[in-house]
Structures are given as C-alpha cells and as structure tokens.
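Listed below are the structures to be examined.
Two complexes come next, and they have one chain in common, chain A, joined by chain B in the first and chain C in the second.
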Partner chain A sequence: MDTLLATLVSGLVLGSLYALMASGLSLVWTTLGVFNFAHGALMMVGAFIAWTVSEAVGAGPVAGVVAGTLGAGLIGIVIERLVIRPFYASRNMLLVTAMTTLAVTIILERGAQMIWGPRLKQLPPLVDGEIRLFGNAISAHEALLLVAAPVILIALWRFTVSSKIGRSLRAVGQNQDSAALIGVDVPKAFALAFAISAALAGLTGALLGSIRFITPAMGSEPLTKAMIVVIFGGLGSLGSTAGAAYLIGFIEAFLVLWVGLYWTPFALFLLMILVLLLRPNGIFGKR
Partner chain B sequence: MMTRNNLLLLALFVVLAFVPQVFTDGYVRHLFIIAFIYAIIASNWNLSLGHCGIFNFGHMTFFGIGVYTAAILTKTTGVNPWLAIPACAITAAISAVIMAAPVARLKGIYVVLVTFAVNQLVMQLVLSQADLTGGAKGLVRLPFLTIGDYSFIRDYKLGYYYLALILLGLSTAFLILVAGSPFGKSLKAVRDAEDYATARGISVARTRISVLVLSAIFTGIAGGFYTVYLRVASPEVFGFSTMSLVLSMVLIGGINSVLGPVIAALALTFASEAMAGIGGFEDARYIVIAVAMILVLRLAPGGLIQILERLMPTGRKPATPTRSPA
Partner chain C sequence: MTPLLDVKDVQAGYGDMRVLHGLSLHIGAEESIGLFGPNGHGKTTLLKTISSLVRPTAGSITFDGIDITGRKPPAIVEAGLIHAPQGNTLFGNMRIAETLELAAFSKRASNGAQKRLDEVYALFPRLAERKTQLAKTLSGGERQMLSIGCALMCAPRLLMLDEPTLGLSPRLKEELGAAIGEISKSGVPLIVVEQDIEFLLSHRPAISGGAWRRRARDRPRERARP
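Here is the complex of A and B:
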C-alpha cells in the first residue's frame, strides 16, 4: 500500500511537470499551427535566468522565478518574430517552422553553454521543509509544483475561454481570415500566444531548477515527454493535453515500479507505438 | 537536368579519388572521411524527407543503430568488422520498419513527433542499457579494420579514405537508381498528390514504409563504418547537435537533389572544423550553422543546388517549378 501511494505521488509530480510543458506546446499549436521544438530550450533558459537572478545577483528565489518566467516570455516573442513570422505564407510552414525552431534549440543550448558554462547549477527551493501527502514525505517545493500546475492550467483555460484576448487567440486558431475580418490583430495574437507559451516554459524550468540540475540540455528530456503526452492526447485542446499529461505521469511512475528505471523509456515507447497503431490521432483525439 | 547533375557528380567523384595524392596528411583525409559519412547520411535522409515528403525527424536513429550494431558486434561478440558493417544495414532496416509502422498512417505534425520521439527514446534506451552499450560513456577501443596484416590506419588513413569514398559512391548510385525508377516517381506522387496517387493504385502506406527502409540501408552502413573508423560509439550520435548538423546539410545542399547534400556535407564539415580551430568557437560553430540553416530556409529554400542551377542556365526552363522544401 505504501509503495502504491508513493508511486501515485511520484506520478502526480511527473504529471504536473508534463502538463505545464505540454500545455504551452498545445497553446502554440492551436493558435499558430506551429510545433515549437525550442520549447524545451526555453524551459532551460528560464531556469538559467532564474539561477542568475536568484543566485548570481542574489535577489532570492522568488525574484528568480519571476525573472525566469518573464525572460523566457521575452525570448519567445523574439523567436516568433524572427523564425516563425517570416514563414506564415510558406506552403510548408509546419515543416519549415519545425526546422527553424530546432535550429533555435541549438542556438539556445550552445549559447547557454557559452554563457553559463558546463558546471552544474541548482536553485534553492521556493519553500523549505517537507509535506506529508498520503503518508509520503515530499519536499514542500514539489508540493508547490503539484498545486501550481492545476492552478496555472485552470487559469490558462479560463483565459482562453472567458477573456476577450483569450477568445481572440482561439478565433485566430480556428480561422485567421475571419478573425482578421472581425478586427482581431492576427500577428499580435500570434506573438501573444508564443509569449505566454514561452513564459510557461520558463516558469516550468525555474520551478524544476531546484528539483533537478540546471544544464544546457535539461530541456530535451521534458520536451520528449511532452511530445509523448501530445501524441497520446492530441494537440487539439488544452483539456485533453492536460489529461494526457497526468496519465503519462502516472503510467511512467508505475512503469518505474514494475519494470524498473532502465526499461521504462522502452516500455513507454512501445506503448506509444501501440496507441498510434490503434488510434492515430491520440487517445482523446478526434478523427 | 538530371543527366547534367549526374555528370557533375561523376566529375566530383573523379576529383575526390585524386584527393589523397594531393593531401597526404592524415588530418585532411580524416576530414574528408567524416564528410563522406555525413554526405551518405544527408543524401539518404533526403530520400524520405525530400523525395517522398515524409516529415522524418528520426533519420539519425538509423545511423545510431548502425553505430551501436557495429560497436556491440565487434567489441562484445568479436565479430569481424568486415561482417559487422554490412550487418548494420540489416539492423537499421529493421529499425526503419518499426518506425515506419506508426508513421505509415499518420499525417503532418504527428509524423514529426513520432519520428523525433523514436530517436529520443532509442537514445534513452542506449543510455539505460549500460551493460550492453556502455551507457553515457559509450564503447571505446573497438578493433581496427584490417585486411590480412594490413591495418587501414596505416599510410595516413589511405584505406579508410577510399573505403569511405566507395561507400559514398555506392550510396549515391543507389539513390540515383531509386529516384529514377518507377518507385522513385511514385514517391513524388505520394508527396505532391497523395489522393491522386492513391486513386492510381499507389499504396501510400507501403510507399512510406519502403522509402524509410531504403533510406536506412546506407545510413546504417555509414554508422557501422563511422564507429569502426573512429573505434568509438557514443550516444551523442542521437543528440540534437549531430541531428541539426546533418539536417542543415540536407537543407543547405538543397532538398530534392542527390548532389546538393553531398556538396553541402563536404563544405559544412570543413567549415565546422575550421571554426573549431578558432579559440572559444567550439560551441559557437554550431550556432553559426544553425543561423545558416534559418537563413537558407528564409532566403533560398531550394538550397545551394538551386542557386547553382540558376547560375548555369540550360537554355530551357526547368521542367518543374521551384519548390519550397517538402
């Protein structure tokens, strides 16, 4: 029973992390029709900025998290302007932007290596101490992640459903021309969607920076997991993406328990191929 | 156009055959050998990406499978490298079938996601099975390639140079044959008019599986040769950097052509190595190549080969309109 509960908690932590990552990917996809390969790298940059502000400057972890979030958001706007916007009219925008954002990943990762060097870095936790959850002690920082993820997801969902700006993002995602006709500034909506997504990545990185080590390549593993989430859940809606994120988190935690850490990637991989063979548009995807 | 490009290719190979006479030191030859290997990967990648329009982001998986097949066979089971290198074609082709199974039915972004995820997951598998693959450290000190008593490392890598050149020649001939065959035409049909191709009796799924397997064969062999030549297998071959370097060769060289990626592989290998010689540029060179890749996509989507063709007018218009990469 104890192992089961511990596994559940660990799955919940992983699920929260994947949900934060994948929701940003989903937002950009539904608005722009672009898959942002640089999402993992943006997460990494957010963590490094948070480390610089919190540790190197000494402004404290809260300021670090804020700076990491805003910094990644700003870089997101720049990315959208330089490597996404020029290709809107391209016939193969999907493939071309996949390649340009991949190139951006290289630029950010190598750039981070040059700026921050190869030494491992870590952020102090936002909140100290431990919390007991179902009889399992987890760090208060991880508990914060557990709470923050659903709050952020619900806020994001309310934003896209209720607010005028959020609704304009969805309008642009559904039909650019009609959206432009009813007075939505399409380029501004694209930039905004990209900025929000990048800021989410930066926030995730800043929060993850006190659980894992901050390295230039730290974004690639969460990005891969977010891609698996997206494959399982489809990219279409925030709800299915978030649902799939928690599902994958739990599956991964249970796989670690059953087949061990070594075989988990392989088992996850097999599962992904099986799902795709049976449901090419994801478990929650529509035909 | 096709024949003129083939003549250019032939001329290129004749020149390359005489390179060792001019450059007698091992270092320059080493760069050529690496460039030939990249040229094989890039031009074969182009078969699925350019000719068939499959958004394949997992091509480096085939190379990595080749690398680890040869490394494990020669190091752990003691198989002769001459047998291990061809065996890589088989394992790479099998991995292509596994990757193709889901890809055959998917569309658009899901192809990108699945192929990319397969690549990442194979890397995680290699990292986690440290007993077999050496994990993050990789496998080192593989046996030398020899014929009788003659080791290929002697005479400043002369043997390796010509073996790499022969492999590139075989791979290029294979690609030209495939592209020119009826199957090659069905690839373009699947890419440009999927519904029409289906209506004319071409199975899209079967074409996609076949093209992925065909593109894996020489890529796997190149991986086997690469690891036997360097005597090292490391999980870096699955990483972002190697992948984007080869992808930039495909894009800068020109998608849809056989010649372009070969030339771009030669040019970029030397450019990258020259930049590595500049102090503090070890990381920056990857940034330079990534920026070049974005600029090519932005300014010359047809790549170098298109620029080359514009510079050499044929007196008639190209049969096909210029395309952005697909």
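Here is the complex of A and C:
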C-alpha cells in the first residue's frame, strides 16, 4: 500500500513536469505547425539563468525562477525570428525547422558548457521543508510544483479560450489567411506563441533545477518525454496534452516500480508504439 | 471625386507565374461592382492582392486616398477594407459565437462590436440558432453566412465578397442574395465576385447603391452598363 501511494505521488510529480514541458511544445505545434526540438535546450537555459540570478548574483530563488522564465521567453523570440520565420513560406517548413531547431539545441548546449562550465549546479528549493501527501513525505518544493502545474495549465487554457489574443493564436493555427483577413498579425502571433512556449520551458527548467542537477544536457530527456506526451495526446488540444502528460507520468512511475529505472525508457517507447498502432491519432485523438 | 478604392496597373502572381498583367479598377464610395470571368483568370488573385495576402510586383493600390500598396494585411483591415475569401472554412475548431467575436479583432472593429454582432445574428438567424456549433460541422451555406458575418464584424468600409454563393442550392442562393442586398442597402460598398451573372443581375436593384458597373477580367477593359 505504501509503495503504491509513493508511486502515485511520484507519478503526479513527473506528470506535472511533463505537462508544463509538453503544453509549450504543443502550443508551438498547434500554432505554427512546427516541432521545436530546441524546447529541451530552452528549459536548460532557463535553469542556468535561474541559477545565475539566484546563486551567482544572489537575488534568491524566486527572482531566479522569474528570470529563468523571462530569459528563456526572450531567447525563444530570437530563435523564432532567426531560424523559424525565414522558412514560413517553405514547403518543407516542418523538416527545415526540425533541422534548424536541432542546430539551435547544439548551439545552446555548447554555449551553456562554455558559459557555465562543467561543474554540476543546483538551485535551492523555492520553499523549504516537507509536506505529507497520502502518508508520504515529499519536499515542499515538489508540492509547490504539483499545485503550480495545474494552475499554470488552466491559466494557459483560459487564455487561449477566452482572451482575444489567445483566441487569435488558435485562429492562426487553424487558418493563417483567414486570421490575417480579420486583422490578426500572423508573424506577431507566431512570435508570441513561441515566446510563451519558451517561457514555459524556462519555468520548468528553473523549477526542475532544485530537484535535479543543472547540466547542459539536462533538457534532452524531458524533451523526449514531452514529445512522447504530445504525440500520445494526439497533437491537439491543451486538454489532451495535459491528460497525456499525467498519464505518462503515472505510467513511468509504475514502470520504474515494475521493470526498474534501467528498462523504463524502453518500455515507455514500446508502449507508445503500441498505442500508435492501435490509435494512430493518439490516445485522446479522434479516430 | 476621388474613388474609394483605386487599383492602378497592378501586376501580381505566384512565384514566376504572373496572373495580373497590369490591372486597373476603381470604385466610388457610393457604388458596388460585380466582377466575373472564367475560372482561373485571377479574380481571387485580385482580391488577395488588394487585401495584401499576395504582394503586387508593380502598380499601386489606394484606399480612401491612402496608398496601401504592400502594407501588411492587419493595416488594411484596420483601414476598413475587408475581404471575405472564397470557399472559406474559417477556423474549423472554433464555435460560431467565438469566431464572430474574434472577427472584431482590429481596433476599428472593436468599437460597437456588440451592436454589429446583433446585426449579424439578425441578418443570419441560422447563425444565432447555432452559436455554439463548431465551424467545421457547418453546412456549406452556413459557412458562407459565417464568412460574411465575420467580414461584417470587421466593420467594413468596403466589402469584397469572393463567390459568396459558390456551390449553393438556388434557394440558399436567394437567401444569401437577399442578405447581400441588405448589406448593400445599409450603405457598405461591395465588390462581389460571382460566376453566376444571372445572380448578380437579379440582385442588381438591391446591390446598386449608385452605378452598377459590369467589368470583365483584367485585359479587356470593357465597361458596360447593363
């Protein structure tokens, strides 16, 4: 019983992380039709910026998280402008931007290595102490993550459903020309979607930075997971992406319990392939 | 009197293929015109060039005395020059009410948006009955209504409709024709692209606020009053 509850809690933590990562990836996909392979690297940059502001500058972890979020968002705008926007009209936009965003990943990872060096870094938790959840002790920082993820996701969802700007992002994703003809600035909408997505990645990194070590390569595993989540969820709405994120979080936690840490990534991929064989449009996608 | 819209010697196309070879056209503030011609002769391209979805390679476009050649689409919408595209599916995963509200996106259009929304629902009661229906599930006729409704939400000072009755049954055509007549009567000048000349002519009395000019495609510059 205890292991079951502990596994559930660990699944919830993983699910929250994946939901934050994947919602940004999914926002860029639904608005621009692009898969941003630099999403994991943006997360890593967010963590490093947070570390610099919090530890090197000494402004504290809260300022660090804010700086990591905003910094990653700004870098996202630059990435969109430099390596995505020139290819809007290209017929092979999806393939070309896959390459350019992979290139950005390499640049960011090498750059981080040069700037911050090889020493492992970690952020202090945003809140100290422990909290008991279902009889399990988890750090207050993880508990904060559990609460923050749904709040942020719901805020993002309300934004895209109710606000004028948020609706215009959805409109651009569904029909660029029609959006332009009602007065939406399509390139601006793309830049905004990319900025929000990058900021979410940076926030995830800054929050993760006190749970795991901050290294130049720390983004690659969460990126893989976020991609699995987005494809699992059916490459569609925020709701199905979030649902898939928590589902994968739980599955992963249980796989760790059953097959061990070593085989979990393999089992997860196997499961994804099986799901896609049976439901080509993802777990929540329409047949 | 300066024309409301003045298109001068415009050349435009896609890549190396030129579709408009120096086309000129003008329309006054009090008139509406119909455009017709065979398929593939560039009617849609002309409207896209005016609304800046396609950039002209030569020539100039002036709206209300202001040169709008090569301006971005949002600036043109802000000026009140509105284009309801051909065969439009709009935003498939948005509901009717949501789409119409969003269509009042420009600063100009956000003033009095509620009043215009009521007017659109009064003009197309079918849309009012289906406010929460997704656009992708609408019938062809309802989509055209939504498309025109969206254009009206943009607070047009000049409205360009690209084949608003494409593929509709005669009865629906009548219904839409009447609605277009209403729009014209409310004082909005129209440019209507239509294959069905009979349809245009049958609504002539309703559409023509002032002169009703017939204009063939770009090269033959004949202008005949029916």
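One rule holds for everything that comes next: the second predicted complex is superposed on the first by the 286 of 287 C-alpha atoms of A that agree within 3 Å, B and C clash if a C-alpha of one lies under 4 Å from a C-alpha of the other, contacts with A are read in each partner's own complex, and residues count from 1 in each chain.
As a working rule, a residue touches a chain if its C-beta (ideal position, glycine included) is under 8 Å from a C-beta of that chain, and two chains touch if they have at least 3 such contacts.
Every value quoted in this text rests on a predicted model; they were computed, and no experiment measured them.
Trainee: I'd like to know which partner A:Ser168 touches here: chain B for first, chain C for second, both or neither.
Mentor: A:Ser168: touches chain C, not chain B.
Trainee: Between chain B (first) and chain C (second), which, if any, makes contact with A:Ile182: first, second, both or neither?
Mentor: Once the two structures are laid over each other on A, A:Ile182 reaches chain C alone.
Trainee: Which partner, once the models are overlaid, touches more of chain A's residues, chain C or chain B?
Mentor: Of chain B and chain C, B contacts more residues of chain A.
Trainee: From the superposed pair, tell me which chain A residues show up as contacts to chain B and also as contacts to chain C.
Mentor: Shared contact residues on chain A (touching chain B in one complex, chain C in the other): none at all.
Trainee: Chain B touches which residues of chain A in the complex?
Mentor: By the definition above, chain A touches chain B via 29, 35, 37, 82-83, 86-87, 90-92, 94-96, 98-100, 102-107, 109-111, 113-114, 217, 220-221, 224, 227-228, 230-231, 235, 261-266, 268-269, 272-273, 276-277, 280-281.
Trainee: Which positions of chain B touch chain A when the two form their complex?
Mentor: Result: residues 55, 57, 98, 101-102, 105-106, 108-110, 112-114, 116-118, 120-121, 124-125, 128-129, 240-241, 243-244, 247-248, 251, 280, 283-284, 286-287, 289-291, 293-294, 297-298, 301, 324-326 of chain B touch chain A.
Trainee: What does chain C use to touch chain A in their complex?
Mentor: 51, 53, 72-74, 77-78, 82-85, 88-94, 98, 101-103, 105-106, 109, 150, 153-154
Trainee: Which bits of chain A are touching chain C when the two form their complex?
Mentor: Against chain C, chain A makes touches at 164, 167-168, 170-171, 174-175, 177-186.
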